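Some structures to go through are shown next.
Consider the two complexes below, in which chain A is the common component and chain B and chain C are the respective partners.
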Partner chain A sequence: MIANWIDACAAGDIENEDVIRFDHEGQTFAIYRTEDDRYFATAGLCTHEAVHLSSGLVMGTIIECPKHNGRFDFTSGKAKGAPVCVDLRTFPVKVEDDRVYVQIDA
Partner chain B sequence: MTNETATGQIIIVGAGECGGRAAVALRERGWKGKVTVVGEETLPPYERPQLSKGFLTKKVETSTFGNADSTKFGPLEIEHLVNVKVESLDRAAHSLSLADGRHLSYDRLLLATGASARRPSIPGGEMALCLRTSADAENIRTRLHPGRKVVIIGGGLIGLEVAASATIQGCSVTLIERNDKVLSRCAPISIAGIVEARHRAEGVRFIFGTGVKSIEDRTDGLLVSTTAGLTLDADVVIAGIGALPNVALAKAAGLAVDNGISTNEFLQTSDPDIYAAGDCASTVHPLLDGVRLRLESWRSALEQGERAARNILGEDVRQGTLPWFWSDQFELCLQVVGLPQTGGTTIERWLSPDALLNFHLDGEGRLVAASAVGQLNLIAKDIRVAEMLIARRARPDPRLLAEPTYRLKTLLAA
Partner chain C sequence: MPATARDYSLIGRDARLAEENGFAAAEWYSCSIPRKELKELMKRSDGPALRDTALWVSCLVLSAAGGVFFWGTWWAVPFFVVYGVLYGSSSDSRWHETGHGTAFKTRWMNDILYYVASFMILREPTVWRWSHTRHHTDTIIVGRDPEIAVPRPPDGIGLILNIFALKSTCHTLKGLFLHASGRLTKEEETFIPEMERQKVYLVARIYLLIFAIVAVASFQLQTILPAMLIGLPTLYGGFMAIFFGLTQHTGLAEDVLDHRLNTRTVYMNPIFRFLYWNMNYHIEHHMFPMVPYHALPRLHALVKDDCPPPYPSTLAAYREIIPTVLKQMRDPSYFVVRRLPGGTTAAPYNHGSIIKIAERNTGRAS
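Presenting the complex of A and B:
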């Protein structure tokens, strides 16, 4: 498997403690920035009803689905209880020269 | 009850979202005794909200209906009796009689009996289809063909969602509402206006300020007559005129009933061994100054189910989440948290020409509710922040609330 680092956005495109949507080759991702400037990426759709998580609220390291309040820890992808029970897939992220890169399997 | 008494029997009447969540929550909290869920439907617990939306527009099928909890019944050894009605409850004997002749004994009982669609009590009212169960939805779905004339009675959430779904399916839709606007029970007029305009743009016709007098079966279809003397031809008539709590079992057993099975803030009924939760329960709400409320919403069904389960196992968790609901109509999303009618002043925050948030403040400037309409990605974060502010009984600066470029989340740090 070849690991691809994809240039997703500028570091400043995401506000602190927030999330944006990133689409790449038919896949959708959610990219997060924590209050202390750490960056993370997960699959973009909630595992419950395929709603874009980027519309949801970030609190600490939790992303809450905007539709049904399903919660995930975006640093690990762990689902935090009903109505969600399937974990989110996570992707490695690095920041170089103020650009955010997501590692997507090719 | 404690988790150590592994010999006990907890019975849950009702296998909807609430009953299902409660059953799984009992296991999650370590309950080792027996758990039996008795339901009148044949499906495992499923999410009803999709019935009027994704299911009617053929985006989802019954095969994928089961919710997260339903998949755990087997592994967690939760017994699910399907397709059976509970005929009576003998509180003194701690037993239930089922329609098929079986008797079940309980140590603790949870009533999660839900609600039933209210039917129009007019001549021919039985010809109006109602939407509550997956069977109801299937029945409606088979009739929504392109070009069909659909008359909807009631401009509330169900009526509007079905109107949108029927329109998407190519039907010609007319909605009759007794009041002079849609959503009069649950959303402010500014939001109702945006929702109505969106429906009109899609071709939905509205007839306001009149009720339906009768439905007649003609050889070539149905004839709907309004109280104002208007007549409409229809292939399908669907009524969305509210729901009534299923309280007959509780009432016959002598439990206190007040627009739903009465419970205290711990979801306990007038019989300490019996709890009630979800659409059937009228509960005292600590966040709303002890107002007695019966909530018909997906989220409260789940949360009350879970909290009732925890209390059955000896915890004392108050029922304390704010009322919250959402609706989807075309690409518009509606979200309301708290009770807008309890606010005196409304602050508007326009996020785009058709995305509006209303903040409802009481006489002391405290945020008591928020309501929004628009695309999900525009409104969802702000509604969630509003919910947290309401729970904190915050008094946010109205000028900041009204300013769409101000990041609302900043108020949480204050």
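Presenting the complex of A and C:
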């Protein structure tokens, strides 16, 4: 399996303590920026009912799903309790020259 | 297919039809709000719920103390009415808000109030967490939503019994015994995942133990006073829960994918809004369940022009609900058609026409 670094967005496209949606080749991701300027990426859809997490609320390192308020730690993908029971897949992220790259398996 | 009565069970004919017609876990209409404003509205804080909970608990303690002090005289009645409403009715909204995790910013505060309020309203916390999750996914979709309060044709006797939570309590007690024995109903199996089931059984046993202790105490002391404080208030104080709760969806459309058509927003006075924790802004709550109760009036101001006019009072809502329910007893196909802004007639609007397109997920962690 080849790991690809994909240019997802400009670092400034995401506000502090926020999330945006990034679609690539039919897959959808959520890219996060923390209050202290760290960047993370996870699968874009909630593991409960496949709702886009990018409409959710970021609180510290938690993303809360907009549909039933399920919470994940987006740094590890860990589901934090009902109604989300399945962890979220995470993806490595790097920031270079003010661009955010996500490592995606090809 | 010939017209038949609707099947509200979650494992019956209409459950299958809902899936076939794209009503299950579908895409719903949502008013558009700039992300910046929505983020502001979704912000959590502990302050408002701490203040409201302190006031609520103080009123509970004072009214209980008054009831106990005047026990045996008529003066105890008003104290128990207040205590009963706070215990058996306003616990509904506390259960609801903390179940969404939005009342407090701090998770454990939500959790504690969730378990306490669940007990007061006599709902099993895990069962109802999952049933309410489904209610939000498939609001008033027949065969999918386990929380349709008034199926058609309406059960008039059941509604009257529920003024004092009698029907719902019988149902819950049956469930408690079943769950305490380590089983679920077939319907519950459709929405409670395997990993949550042990919790259901444990809490059912704890509930039954508490009720047994209250019963023994009442028997030993030769007075129903302990039960007047724990257990019975769910019944004698439950009338405001149904009074508020029926305004949410009763008599409106089924099987639509737009909360503006199946949900009411009703203006209520400040006391009602305290008891009901602003759940009168119910369209707003369903559309944006992440917005805490204290921010719902602000959310309402942002979306109201894109919604049917709110009901000006609880009385106005009931002027519609009561005749509608009576009419539905004779004609179950009847429902209130809400008119959307711009004069659009609600009837064909979004009636299953927007169906979720399957997306390829980027995978779940193994």
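Criterion: the second predicted complex is superposed on the first by the 106 of 106 C-alpha atoms of A that agree within 3 Å, B and C clash if a C-alpha of one lies under 4 Å from a C-alpha of the other, contacts with A are read in each partner's own complex, and residues count from 1 in each chain.
Here is the rule we use: contacts are C-beta pairs under 8 Å (C-beta built on N, C-alpha and C of every residue); 3 or more make two chains touch, one makes a residue touch a chain.
Because the structure is predicted, anything quoted here is derived from the model rather than measured.
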| item | value |
| --- | --- |
| Fit-or-clash call for chain B and chain C when the two complexes are aligned on chain A | clash |
| Which superposed partner A:Ala10 touches (first chain B, second chain C, both, neither) | neither |
| Touched partner set for A:Gln27, first chain B, second chain C, both or neither | second |
| First, second, both or neither for A:Thr90, with chain B first and chain C second | second |
| Chain C versus chain B, contacts on chain A by residue | C |
| Which of chain B and chain C A:Leu57 touches, first, second, both or neither | both |
| Chain B versus chain C as contact partner of A:Ala43, first or second or both or neither | second |
| First (chain B), second (chain C), both or neither touched by A:Pro66 | both |
| Residues of chain A that lie at the interface with chain B and also at the interface with chain C | 48-49, 56-57, 64, 66-69, 82-83, 85 |
| Chain A residues touching chain C - in the complex, by the definition given at the top | 18, 26-29, 43-45, 47-50, 56-57, 59, 64, 66-69, 71, 77, 82-83, 85-91 |
| Chain A partner contacts - residues on chain B that touch it in the complex | 21, 24, 47, 50, 67-69, 71, 298-299, 302, 306, 326, 376-377, 380-381, 384-385, 407, 409 |
| Interface residues, chain C side, partner chain A - complex | 25, 39, 42-44, 100-102, 105, 126, 129-130, 133, 136-137, 193, 195-196, 288-290, 359-365 |
| Chain B contact footprint on chain A (complex, rising order) | 15, 17, 48-49, 51-52, 54-57, 64, 66-69, 82-85 |
